[in-house]
Amino acid sequence: MSTSAIGLQPQAGDLRPRAGDVMCITFLGVVAMLFAGFTAAYFIRRPSPDWVPITIPAWGWIGTGALVVSSTLLERSRRRQDRGLLWASILLGVLFLGTQLLSWRELSAAGVYLPSTPHGSFYFMLSAVHGVHLFGGLLALIYTATRRSEIRWVAGYWHFMGLTWLYTLLLLAN
Amino acid sequence: MAVEDHSAPTSFVKKYIFSQDHKVIGLQYILTALFMAIVGGWLAVMIRTQITWPEKAMVTPENYLSLVTMHGTIMVFFVVSLALVSGLGNFLVPLMLGARDMAYPFLNMLSYWTVVPACFLVLVSFVVEGGAAAAGWTAYPPLSALPEAVPGSGLGQTLWLLAMALFIASFTMGGLNYIATVLNCRAKGMSLMRMPLTVWTYFMSAVLGVLSFPPLTAAAIMLLLDRHGGTSFFLPSGLVFNNEVLAHEGGTPLLFQHLFWFLGHPEVYVLVLPGIGITFDLIASFARRPVFGYKTSVYALWVVGFLSMIVWGHHMYVTGMNPYVGEYFSIATVLITAPFAVLGMNLVASVWRSRIRMEVPMYWALGTVAVIGLGGFGGLFLATSISDIYFHDSFFVVGHFHLMIGVVTVLSTFGALYHWFPKMFGRVMNAGLGKLHFWLTYVPMVALFFLMHLQGMSGLLRRYYDHSIYEFQAPGRELALVITILTYAAFAAQAIFFWNFFYSMFKGVKVGANPWNATTLEWTAPSPAPHGNWPGALPVVDRHPYDYDPAAEEDSDYKPQGVVA
Amino acid sequence: MSETTSHPRSPGFGIVFFLLGIVVVGGFGVGWLPEVKSAHGHGIDGVIRYLLGTTGALFFLGCIVLGYFVMKYGRGEAQSGAIVSNRTQAIWAIVPVLVMCAISEVGVLVMGLPVFAEVYGEAPDDAYEVEVVGKQFEWLVRYPGPDGVFGEVDHAKVHETRNPLGLVKSDPAAQDDIVVRGKVHIPVDRMTVVRLRALDVIHSFTVPLFRVKQDTLPGYTAYTQFTPEEVGIFELACAELCGLGHYRMQGSVIVESEESLKNWLSEQEPWL
Amino acid sequence: MGSDPKCEGLHAEKLLDESALVGAGGELANVFVYVRKGLEGWKFATPTEAVQVTQEGCTYVPHVLGVRVGQPLEIGNGDPVSHNVHGYAKKNPGFNQTQAPGAAVMTKVFNRSEVLVPLKCDIHGWMSTFVGVVENPFFAVSAVDGSFDLGQLPPGDYQIAARHEIFGLQKQDITITAAGAQTIEFSFSEE
């Protein structure tokens, strides 16, 4: 069975994206589906009679600002291979988690706890779920910073986390 | 070429326990699944015994509900998914693609070791105070949310939710790995349309699983908060227990059902599609002819995949969902029979003008084709919303889903194990015992689940601890004894497989790299395949996967898909 | 081509598929459906029999073809002409798509829609009203009483034995409401609209002989309607898993003539 | 009682609803009376013998009973029908187990005082009994004629509480002197 020379050049439809890109995009799809599930739940749950809207805590918006700055710093550090900026964006990420806890305290100070109103429960839950995923991203960032490994995908994930948080706030705000 | 090459393991622990080799991880999954299959099977035996002789009251009603719930959960998530999707998938996909290993071996190992604690939690939940979860494998609130409603909804349900969270994490890691491996690590010259159908179905199943599980994670988080955080996502106002109204208000149980079944339906396709893919490959190898309609089958798989994401509502026709929405789901669901019919026809047509070698795997493959037909057509009765009014929550449903995600998956898993056993261990399983095991499993299983359709027709309702109270259920109960005896027979017959599987592992007849003269890439690797699958260079693909010719001379009627340079 | 014995052959395996086809068609043919006692039930049975006929025929055909193939090509003779062009494979693929789409959509739309209108359509205004409330492990049935209006209900007032539905005393409409455990009295040959609620978990109001099944959700009022065609007592059961007494929620639907229903109602004294 | 023919068969005549047994002169039975405050300093030996409650004729006998913290409560099933004992305890862990006819006696121990833990049967909705779990031995259940006796209370200031499953809780402060027996009166009204 000699190796016939026919057909050795790549076939049509032989697309071969980098494994890392596939993993990153698919995982972003997974996280998107998770927040899609929560969005569906939010819209189905809203029209019920006991809906008492809450105002989004100020710390929530401040946190969003911190994330946006962190993303831009990360993007610049990726382009300029500048590791100082990378650590700055990681610091802002940690600050963001701090603002989340402050927004929770702000809410509970206003008497809104997890079970008290559905809108409040959604805010607590979504910020908690987003916080967990963001914390995962933070670990990945620290891993890439210390190991100097490929940052493309972690940056993509980090920007996606920023967008998700913005999306969540806009969803909860109206 | 795996993205992260890992050197050959040295220590025993690295080689067998915390191994990153897809073949070892595949075997670990299969062995875990076989153990959980014994547990799940034993639960089935107890359920059947209780239903057939209710007056003996072998178990109490709340334990019976735990049996039913855990039988469903274990079989769907911890047996079929582990054995067929994760176990065989991990073993076959890199070998069939001509890759050294999965794209991310460490992530692959992590996914196995995430599912082990989940299995542990499931087993522990039996002995926990209040017993295992008892709100059905679908865990509908408010039954699953309130410990007052059923004892199993106390600690048992919490453990169930944690086990599910771990399983979803593991399945997502595995799914991502499959997608990355299929898209990136194929052999040179193997385009997407030259992949064996088994790999196509694992790819489809990974995509479906990865995209449909997150809404269930959302529902599980909200259910956990409803149970312990005092929120009311799913719990409406006015729930009365012990003359007191609970302090929940505003939630709707339908929300959970929507989120659950958004996963539920794609999940059953995640389980059944690899079974169909394996059946295609087995038939091609043993009928010595190319698969009929490879392209149409791949397109049919895409259509099934897409449709399966938009039809979840057919589980909720009578649950208070708006009937007009139900009618949309009915129209969409019955469309799935079209691509399935294409797959069924291609399976049958792949035997046309062939030259069948009735080896043991071929018994299982042909048996599976018939069951795909029977199970598939049974679905039409439940897809049409009008006939579902009568059949919902009856034994017709039990018979249908058992045939599809029970029998089709189990038959194709056994067929695959008999077929690829030589590649795993370099030995072949005893053919005589294999055929005996086939007859003693196939006949009882298909018969008993078909009889369940008739029980459902006559009005027997499901998840009943004792049917004898009702007069309209009497005709259905007459079949209960026959079904239970067949269940015992099928359960006992598995001993033959276990003996054959573990005996042949060490004492089976030694065989070479390609005992069945098959064409797909894994048969170009030595058996048992070493670390990195091919000692030398990777094979190069220069043709489609099923280059058989039934007109040619008996022993040279095939051209391997790829050749090791 | 010489019969090489090196590979196991068993054309006889095809008989399995003939047997399977016969057993399945025979099994369904015996007719396990219980008789129908409601108007829309005939429509539902019609759809079921239509599906049985079509899918049964297709399955039988599939079994015969597969069985024939295995017997014919199981003897191991060389075959030529097995490999066909992609075009023929594509054309062959269109056949099952058209056949299945036709069968299934006809089943859902042509056969199904008239029944859909009966089951979910607008009820005539002379329809008889009764309310059935599912609770853990029994059915509570409420009749509106002479004023024809269901009284107000407050779940905070529910007490197992003294006020199972939580009727509000101050509401005049509730004064004449009649509450009975497990017995649904309805008139024959007149459409009954059943208001369905639940107190604790999801139950499902099902009367198999009427082909009726509707889940009762807590916090939501569902409706189901049907027209009984025969006088008699029919068993009512719960179809949705609702806890350890799920199998015992037995009730009965008593269909009687108009005047005997009136007498029965007049004998009952209101709950409050 | 109609929903389970086996239960109905056990009784010749119609059963009285024991939740509100009121005598001719308005005497209220089944009221659980206990010393709520005033015995904090005292330590009492926990009795080891068990308090019995049985399910006979598809009803719990007795309808209201008292048990000490740490004292075993034995629940038996004397019926030809299986019941399931559903303890709706809040401070103590709840439980819900089926007891088949002739099954072994179920023993439960409550570790925290909780007055009126309802025990119900999910299969027979009308069956219920109420267990008062207290720390001290000075408790009683009012008889059919409305009378009760709290036993030898040492002199001192106490708060006596009376709890009924429907008419709620009433508390009264009282000072016991060494002079001798004193009576205390509770009156309940349907709100």
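Letters A, B, C and D name the chains as they come in the text, with residue numbers starting at 1 for each one.
Note that in this section a contact is a pair of C-beta atoms (placed from the backbone, for glycine too) under 8 Å apart; a residue touches a chain by one contact, two chains touch by 3 or more.
Since we're looking at a predicted model, the values are computed, not measured.
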If a chain touches chain A and chain B alike, it appears here: none
Whose C-alpha centre lies nearest the centre of all protein C-alpha atoms? B
For this structure, which two chains share the highest number of contact pairs? B-C
Distance between chain centroids, defined by C-alpha means - chain B, chain D (Å): 53
Could you tell me the distance, in whole angstrom, between the mean C-alpha positions of chain A and chain D? 56
Rounded Å distance between chain A and chain C, as computed from the means of their C-alpha atoms: 45
When the C-alpha atoms of chain C and chain D are each averaged to a single point, how far apart are the two points in Å? 46
Residues within chain A bordering two or more other chains: none
Where chain D touches two or more other chains simultaneously, the residues are 84, 96, 98, 120
Pull out every residue in chain C that's touching 2 or more other chains. 135-136, 159-160, 243-245, 248, 250
Chains touch in the following pairs A-B, B-C, B-D, C-D
Per the touch rule above, chain B residues touching chain A in the complex are 3, 103-104, 172, 175-176, 179-181, 183-186, 188-194, 210-219, 221-222, 225, 229-233, 237, 249-252, 254-255, 258-259, 262, 540, 542-543, 559-560, 563, 565
Any idea which chain A residues touch chain B in the complex? 1, 3-4, 6-8, 10-20, 22-23, 26-27, 29-31, 33-34, 36-38, 40-41, 44-45, 48-51, 114-115, 118, 121, 125, 129
Within the complex, chain C is touched by chain D residues 2-3, 17, 19-20, 84, 96, 98, 120, 122-123, 125-126, 128, 166
Could you list, by residue number, the parts of chain C that touch chain B in their complex? 1, 4, 6-11, 13, 16-17, 20, 23-24, 27-28, 30, 32-34, 43-44, 47-48, 51, 55-56, 58-59, 62-63, 65-66, 69-70, 73-74, 76-84, 86, 89-90, 92-93, 95-97, 99-101, 103-105, 107-109, 111-112, 115-116, 119-120, 135-136, 155-156, 158-160, 166, 199-202, 204, 206, 208-209, 211-215, 217-220, 222, 235, 237, 239-248, 250
Mind listing the chain C positions that touch chain D in their complex? 135-138, 159-162, 164, 181-182, 243-245, 248, 250
